[in-house]
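Quick one: this structure, given as structure tokens, is what I'll be asking you about.
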Amino acid sequence: MTDKTFRYELHIRLHDTDAAGRLFFAHLFRHAQDALEAFMEHIGYPIDAMLRDGEILLPLTHAEADYRRPMRHGDRIRVEVRVEDLRRRSFAIGYRFLNEAGEEMATARTIHVLVTDEIHVGESLPEALRAGLAGHVMAARTQPTE
Amino acid sequence: MTDKTFRYELHIRLHDTDAAGRLFFAHLFRHAQDALEAFMEHIGYPIDAMLRDGEILLPLTHAEADYRRPMRHGDRIRVEVRVEDLRRRSFAIGYRFLNEAGEEMATARTIHVLVTDEIHVGESLPEALRAGLAGHVMAARTQPTE
Amino acid sequence: MTDKTFRYELHIRLHDTDAAGRLFFAHLFRHAQDALEAFMEHIGYPIDAMLRDGEILLPLTHAEADYRRPMRHGDRIRVEVRVEDLRRRSFAIGYRFLNEAGEEMATARTIHVLVTDEIHVGESLPEALRAGLAGHVMAARTQPTE
Amino acid sequence: MTDKTFRYELHIRLHDTDAAGRLFFAHLFRHAQDALEAFMEHIGYPIDAMLRDGEILLPLTHAEADYRRPMRHGDRIRVEVRVEDLRRRSFAIGYRFLNEAGEEMATARTIHVLVTDEIHVGESLPEALRAGLAGHVMAARTQPTE
């Protein structure tokens, strides 16, 4: 773990769980989004401002998660956010969800692609965004989802 | 029950429940919104078209619910939707959530107010909307929430 | 505002908003639950432990909210949590949602009742819980929801 | 499309969308779960009964989705559910989300693994469940996510 890793903390709340007593899987993605928004603000590209200004659109085109250990109501979870891939007009964000003992509870990955409108992909990411992301690029861990 | 009552059906799904094994209270409001959207489409005022056209804005200013019996994963619920109050520039929608035996599991109420922008209330509801709502006005049941 | 008021902070995230560009009303209750869980932990009665031990059950029987100003993606919101009513076997929690300028964006209220099982109400709240709540009782503000 | 395909319908509601005006990505998984519950009931293995009986546990270990076209408030979506993989102690469910014109808006995939408790995988799926799933096995589409 180097300082390239951005960290975000959360609690598993009652509404995160289901009648099976554990985190309902789709809610992991809500927490990933929360971590992503905090990360994007950290690198100077808050998503709310991007959407309001409408200059660049970065829709999510892929999302995936692997669930390794059950997360339960009251658990304190630390999310590690990294840039796993950075291309000319797209990037991939990786998320590791760890419990207080440092055990990996789940991992997730989202892919975002620059578009100029809803049909066409854009030319290339703005330089300032690329620079912000580049500071957090890490070799992906040993490809757990492929 | 007269034919003024609009009906909507739903299942309680795993993600509606929490670790206590019952419907998480806030999700009742999501289902109320689903029932409201079906109702508004039924009277010829689909909410999605209203929002897209932007002609009238009807933000929700109040929401409340009373929870009488626990709803569990797998329950089939019927929602009865009625107009409980219809004023010049606002209206109240009432929702009764019944199980298959007809028992009242919960009730809810939402209030919607016409605005012309985000600060000013509007003059009066469009006549066609008023007419649609008027067909479903019923005396409120014996005031369960006050 | 005295020190009886417990405070909780949150951001309005993309998934909190809807196509109308503002907080979807039901999500306010999810944030109220987050604030309540933080409050209950603060007074020594974490809800996750209560549910796991199963000693006392405190189901929510009523929830309501008033929406005064639109909350938008990126807004930082402070929630003030207080005990608005404390009875032998029930209590009411009040929530004020304020923006960074201190303006009241919304208020909410939840009522919780002690039950021994799913049908019967219990005798009285445990003394330690009562004491914890009592430290945060405040006269309700001038009846914002009626 | 043969009759091996199970179909499920849904509307995109206001709470499914976000301030960008389109389906918030994580909500696709909530709809996938709704479709899965309807499918499992169709083949005689309702998930709520499975969880209540506790005989077999089938936690979700992987979820993924690809987003091809934006879904908006008011869209009517048809979900096609198929068994994409069926092994001794696990299976994969595939979901295609189509609009009214039959265009593919998104696809998703979930993997479920038999466990006997929270640590150990089980021996093999019950025969009746295997038979129910086997009736809906289809060659996966041309592997869009790998």
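Letters A, B, C and D mark the chains as written, and numbering starts fresh at 1 in each.
By definition in this document, a residue touches a chain if its C-beta (ideal position, glycine included) is under 8 Å from a C-beta of that chain, and two chains touch if they have at least 3 such contacts.
Which protein is which chain? UniProt says A, B, C, D = Thioesterase superfamily protein.
In this text the structure is predicted, and so the values were computed from the model without any measurement.
> Which chain's mean C-alpha position is the greatest distance from chain B's?
The chain lying farthest from chain B is A.
> For the interfaces B-C and B-D, which has the higher count of C-beta pairs in contact?
So, comparing the two chain pairs, more contacts are at B-C.
> Whole-Å distance, chain C centre to chain D centre, using C-alpha means?
Going by mean C-alpha positions, chain C sits 35 Å from chain D.
> I'd like the Å distance between the centres of chain B and chain C, where a centre is the mean of that chain's Cα atoms.
23
> Could you state the distance in Å from the CA-based centre of chain B to that of chain D?
29
> Touching two or more other chains, which residues of chain A qualify?
14-15, 19-20, 22, 24, 26-27, 30, 33, 48, 51, 72-73
> Name, in rising order, each residue of chain C that touches chain D in their complex.
Going through chain C, the ones touching chain D are 14-15, 17-22, 24, 26-27, 72-73.
> For chain D, which residues are in contact with chain A within the complex?
19-20, 22, 24-27, 29-30, 33, 48, 51, 59-68, 70, 110, 118, 145-146
> Help me check something: in the complex, which residues belonging to chain D touch chain B?
11, 13-15, 30, 33-34, 37, 46-49, 51-52, 72-74
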